[in-house]
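Below are two complexes that have chain A in common, paired first with chain B and then with chain C.
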Partner chain A sequence: MNVAVNAPGPLTRLAPALPGLPGGAPWDEWRGCALARLQALGLPSPRDEAWKYTNLRLLERRELAPAPPRPVDAGALEALVPALDGARLVLVDGRVAPGLTAGVLPAGLRVTPLATAMATLAPEALAGGFPLPGDDVDQRVRLLNSALLTDGLHLQVDGELAAPLHLIHASTGGGAHPRVIVDLAPHARLTLVEHRVPLGEAEGFAAPATEIRLQPGACLEHVRVQLASAREIVLDDVQVQVDRDARYVQLGYAFGGQLARAETRVTLAAPGAHAELHGLFMVDGSRQLDNRTLMTHAAPRTTSVQVFRGVASGRARGVYDGKIVVAPGAAKSESSQSSRNLLLSPQAEIDSRPQLEILTDDVKCAHGATTGQLDEDMLFYLLSRGIDRATARGLLTFAFAEDVIAKLAIPTLRRSLEERVVRGLPDAELIREFV
Partner chain B sequence: MSTKPQDLEALVGQKYRHGFVTDIESDTVPPGLDEDVIRLISRKKGEPQFLLDWRLKAYRHWLTMREPTWAHVKYAPIDYQAISYYSAPKAKTDGPKSLDEVDPKLLATYDKLGVPLHERARLAGVAVDAVFDSVSVATTFKERLAKAGVIFCSFSDAVRDHPALIEQYLGTVVPHTDNFYAALNSAVFTDGSFVYVPKGVRSPMELSTYFRINAANTGQFERTLIVADEGSYVSYLEGCTAPQRDENQLHAAVVELVALADAQIKYSTVQNWYPGDENGVGGIYNFVTKRGECRGRNSKISWTQVETGSAITWKYPSCVLIGDNSVGEFYSVAVANNWQQADTGTKMIHVGRNTKSTIVSKGISAGHAQNAYRGLVKILPAAEGARNYTQCDSLLMGDRCGAHTFPYVEVRNPTATVEHEATTSKIGEDQLFYCLSRGIGAEDAVNMIVSGFCKEVFKELPMEFAVEAQNLLAVSLEGSVG
Partner chain C sequence: MTDTIRRGDLLLQVEGLRANVEGKKILDGLDLEVRAGEVHAIMGPNGSGKSTLSQVLAGREDYTVVGGRVTFRGRDLLAMPAEERAREGLFLGFQYPVEIPGVNNVYLLKAALNASRKHRGQPEVDAFEFLALVRDKMKLMQMDEAFLNRGVNEGFSGGEKKRNEILQMAVLEPTLALLDETDSGLDIDALKVVANGVNSLRRDDRAVVLVTHYQRLLDHVVPDRVHVLAGGRIIRSGDRTLALELEKRGYDWVRQEAAA
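Up next, the complex of A and B:
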């Protein structure tokens, strides 16, 4: 008797978890619909072109169902994240934790916890409509998030917010399926800093989904720091809609997770829309970090920039898989994509796939990708100045990562990330003297 | 500065020049595919048992496979039971002893195509193993090659005369299980070319083959095998044209190259099959598996291709760099006009130490065409010091066509250096303006700029092909830019 065939897959185990999730009958129906569609599609496999590089065997035995609410100590949390100016919101295992909220919410920001709103509003009425994902792209992660939706936040911004808004995703183990919706009114401005941190070392699974809608002229700087534990799987899904002359800038820093996949899909929907994705991923051990982007230029005169830097050591695997689509009629669009990767050990692997799909002629698109080791000339220069090889390699690796970290405008955050990078390098003490 | 739209349409809408059908008796089996058809093909060709067994093994495996769908192309489903898998010009006697005995209509066909068969063959200095609807009818320059020890013959002749070589090398580069179309080809291939260059021999001339698809509804399943033994060199040219048809024809060829230590193979292709008319009706489906293995130290395989034809092109000439210091090269110009779809590129798989590969791909899209580059560079853990450079540029003419780049870069050795660069743009207004201001007409200016864009690839082609390729390009693109 073959045990593997009879063992219930992670999806078949989910049905019992559905009752008891927030919201009334309309939400149960909505979630059931998402689960049925997901079961029909099945979990992704390496045969799917979009999941070719992602090791999904880990998922087979992982508990996906939402974790029960657990109390969390505010002190433990504060030790893990830097203190920033501005208000702080916390989600623990995907549920809003009002007790951990800190600071005063600024005028111009409206925060609605979703679980509360779901109790009174049907899916069509919440946050401007809550449609299930379409079939145009592979959105199985989003379907999973929908099927198990526990809680989340709807952030509405009207006006220019000077201080950053700090959103912390803390995990204590088990499944987390929050939804974060960010709506920026015309000409609104926000810096949103998201931190993913583990409380403890329990096995975990998170499939958070984020929906960002920028009205004309709005501007969002979206900083994402991912420090999940080495026993967590994170499948992160971000969808961004950028309207006329609006601007979306994402600064992503991924360090943690046993398997962490971050997918960002941006649609530049009207002329003048602009998006930038800057990403740094550093992976060691036998972990995997997977970065996917889809940048769609749907209107003329839209611009986008993507800069990704990856470092893999140990037996780790890093992936950058990015695609630019310039739709028919999106003339005068400009788009660029750069993926540079550093392999620090013989067993590490980096897979890079910068793709272009151009459907109109009057555009400028370019991409470049390199993968290699540290530059011999630079190493030689440092060695000739009396710096030993290990430190020299550390310094150059730091400089490689600093390319993306230097984009950060918040000094406390920048320092905390620099410290995170230095800590992972050999001769950390010596390198600190230099930087 | 723009040309009037009706001029453009007239120019773009040029009729396919090689569209004609030779009316000769064909010995064709009824459409459909089962084990009996494969046995029939094998019997008709008088094949040894090992080959029949291999075909059947491939067929049985093919039945378990699904048609791949990942390519960036769209087409109506193919009915594999509607294809006739064997078509041979009827044997009049025991086969022609010389050119005089060859069917004059066949020779006339070659004349129209400009194949240098008789005197012209000597002038052109090219040995031609002309494949006409799956069976080779004439081979020239055999003696001169035989003197050098080079075997260059049709695949059927090779099976008869050199079965040991076939058994040793067939399917070792592209196994019968490789992919859907390679498996189908392995089961039903009818003919093709075979080249063996012995140790230390430099082939005294460029080898060339012309493929033609002639009888309606017979998909062509060619099989080419080139083996370059230690220290040898061979340059092989392949050129294709096909008569005009209204229904789509499937072409699923397999090309296998084997380069042993210090050997070099240069494989050049000019592909100009019928691309369909201006409404996207008809045209050839070109689903080809081409792969070379650099098995020995310091060996080299170089692919050069100019792709202007076919309704759908789906091919990835690849190099598996096994021997230390071996070199793989891929130079490609792919032109897609009207409703053509091309998904083409290469795979460079680095296994040995200090292996090097270069990829230069130029894609040109016009009309409603979709042109995709899809390339894999894979550095395996043992490929110490491996090096790859990839450059793929796309040129768009018109706002309804598409240019796509899908590179796959997989690096598993830290001493390797891999670089990929790509750009997509339209023809520079400044360049056009400069030419026009110097009194050069719009058409000539576009040709000049496109030639410049493709120059890096054309310079890799043998002389006679380079000229043909330039002309082909000009014909394919005339009037596409205004």
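Up next, the complex of A and C:
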């Protein structure tokens, strides 16, 4: 209950961890301030509307403090992620690992490791300033990330980058609290591919925060692949600001984690701004995967699309909790939201809650949600062709997931995700032939 | 299952079949015998139970069989799950083939063929042999090869879906093909292509059951026997002239005579 969440709680154990973190006195003070506020507010509980489906009591016995730096072998990493064209940056337990960087950084991309920059720059002077988030319950993960901020990256893009930039979050266990800031100059273009992978099966806790700012006409394709271990808790927080005629496309694929929540808040700040969130989550065992979105149409003629597909088996639980807000004055905006979910066992559960808050006239909004089992007509069609039941079920599950995977333009990446989906299905060998 | 079938061997025997869907009586004591080498047409007004018959025989579980017996080549058909019926050589051509985006057309066909071959103790076909076979059959069905790499029936027009059903049949070479209103929604050119596909399958060791509302398919695929299905049972059987008479006079007279 609430008592258990507030005190003595994991937050009270954190103070000793703070002094060892990078940045000197101004940052110590900044983090201390974030921690004090968070301790006063307490961690979110299911009694908070925004956390209705997510119970953080698992955090009670979890080590939240940042893990000490640990060396990682590049070979171990390469076995976990596909090789992509373009440069690769790696964070290990939320800390930049320069030794694992690969490829040549393209012209037009400036990469600033935050811990290094924090040594000379105060919070208000780094990457356009590090204001502490508000007390809103939605922002508490960001407050936690601030309190424990260890390192991270500031990526500045000016120009059109042809090759994707690959950013890998590897975890060896313990806490990981990086900040990633992505700034795209006017008309800049980038494909950013993020992979979250475990190195081992240790318990872990990550509260990474990402800040994306797209200047007019900029375009970011943001691919996120979450393959955390079954013993990790991940509370992922992404905030996106989309300026005039800029375009943000997120393709999210979540598979791992004991409890993993991905929250994306997008503000379409000027006319012509466009955002798409495409998400696939597949969860088994007794794990939980949450997706939370807040799409704010703050200006006229802004458009957004959300398509989420969820698959739960065993006693697993999935959540899609998505809200669209069309602010006063955001006339002629268009927004759509679709959530389709597949339950592969009677004990599995997916809660889908698409919500619309329209505060202006003359907008087009559509939303829909379905949760059910495999389509009986499709299943019978495959059986009637002599395909056995387990394979038929596997094929249809694959087909359901493929809908979102097919959005990926990078073939290597598409294949690696297809393989990840297939591996979890019965008759994987046979189904592999279909892919 | 490799024992030879000869013309005239009994393939399908349906005796007093009764089936319900959601408690509603649909088939009510249906009898039917189909022998190797024969083409049967089952005709009847809408709602007479035509589609139910096909689906029950193919093993759809939404229907409850409440009475009767069905044997296929002497074996109890109703005891087999749908996938086993298919592997035993029963093929259902659907009235409304479902679209399955994400499941590749050609791989489904290959998996289906290999499932049957494995069941019969035959070696699986490799990708090369298989592609040659499919290309050959696609030519017969006048289908573009682009269809191969699409999802099953994905974005196909009504006519393309029906052609795809017949293509599957041509590749799988079933012992008994049940074609459920395969002619509906086809223009005359597509109807000829489909009829051609069906005729190419006619052999002494196979049989075809055409379930249809209209007689026009029967101009191109000439049946040996024609049955009238009404009220869940076969109320009259005859040769192809019965189909022509039905075309001219409708179904009411048969029903009246059967009731008399």
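As a convention for this text, the second predicted complex is superposed on the first by the 424 of 435 C-alpha atoms of A that agree within 3 Å, B and C clash if a C-alpha of one lies under 4 Å from a C-alpha of the other, contacts with A are read in each partner's own complex, and residues count from 1 in each chain.
Everything that follows uses one rule, which is that contacts are C-beta pairs under 8 Å (C-beta built on N, C-alpha and C of every residue); 3 or more make two chains touch, one makes a residue touch a chain.
Bear in mind that the values here come from a model prediction, so they are computed numbers and not experimental data.
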Joint occupancy of chain A by chain B and chain C, clash or fit: fit
First, second, both or neither for A:Leu383, with chain B first and chain C second: second
Partner chain(s) touched by A:Leu396 [first = chain B, second = chain C, both, neither]: second
Residue contacts on chain A - larger count, chain B or chain C: B
Touched partner set for A:Gly329, first chain B, second chain C, both or neither: first
Chain B versus chain C as contact partner of A:Glu433, first or second or both or neither: second
Touching partner for A:Asp361 - first (chain B), second (chain C), both, neither: first
Minimum Cα separation, chain C to chain B, after superposition on A (Å): 12
Common interface residues of chain A - those touching chain B in one complex and chain C in the other: none
Chain C contact footprint on chain A (complex, rising order): 375-378, 380-389, 391-392, 395-396, 398-403, 406, 430, 433-434
Complex contacts: residues of chain B adjacent to chain A: 70, 72, 381, 394, 396-426
Residue numbers on chain A that touch chain B, as the complex places them: 49, 328-329, 331, 341, 343-373
In the complex with chain A, residue positions of chain C that touch it: 58-62, 81-83, 85-87, 91-92, 94, 97-98, 100-104, 107-108, 110-112, 115-116, 119, 151-152, 168, 172
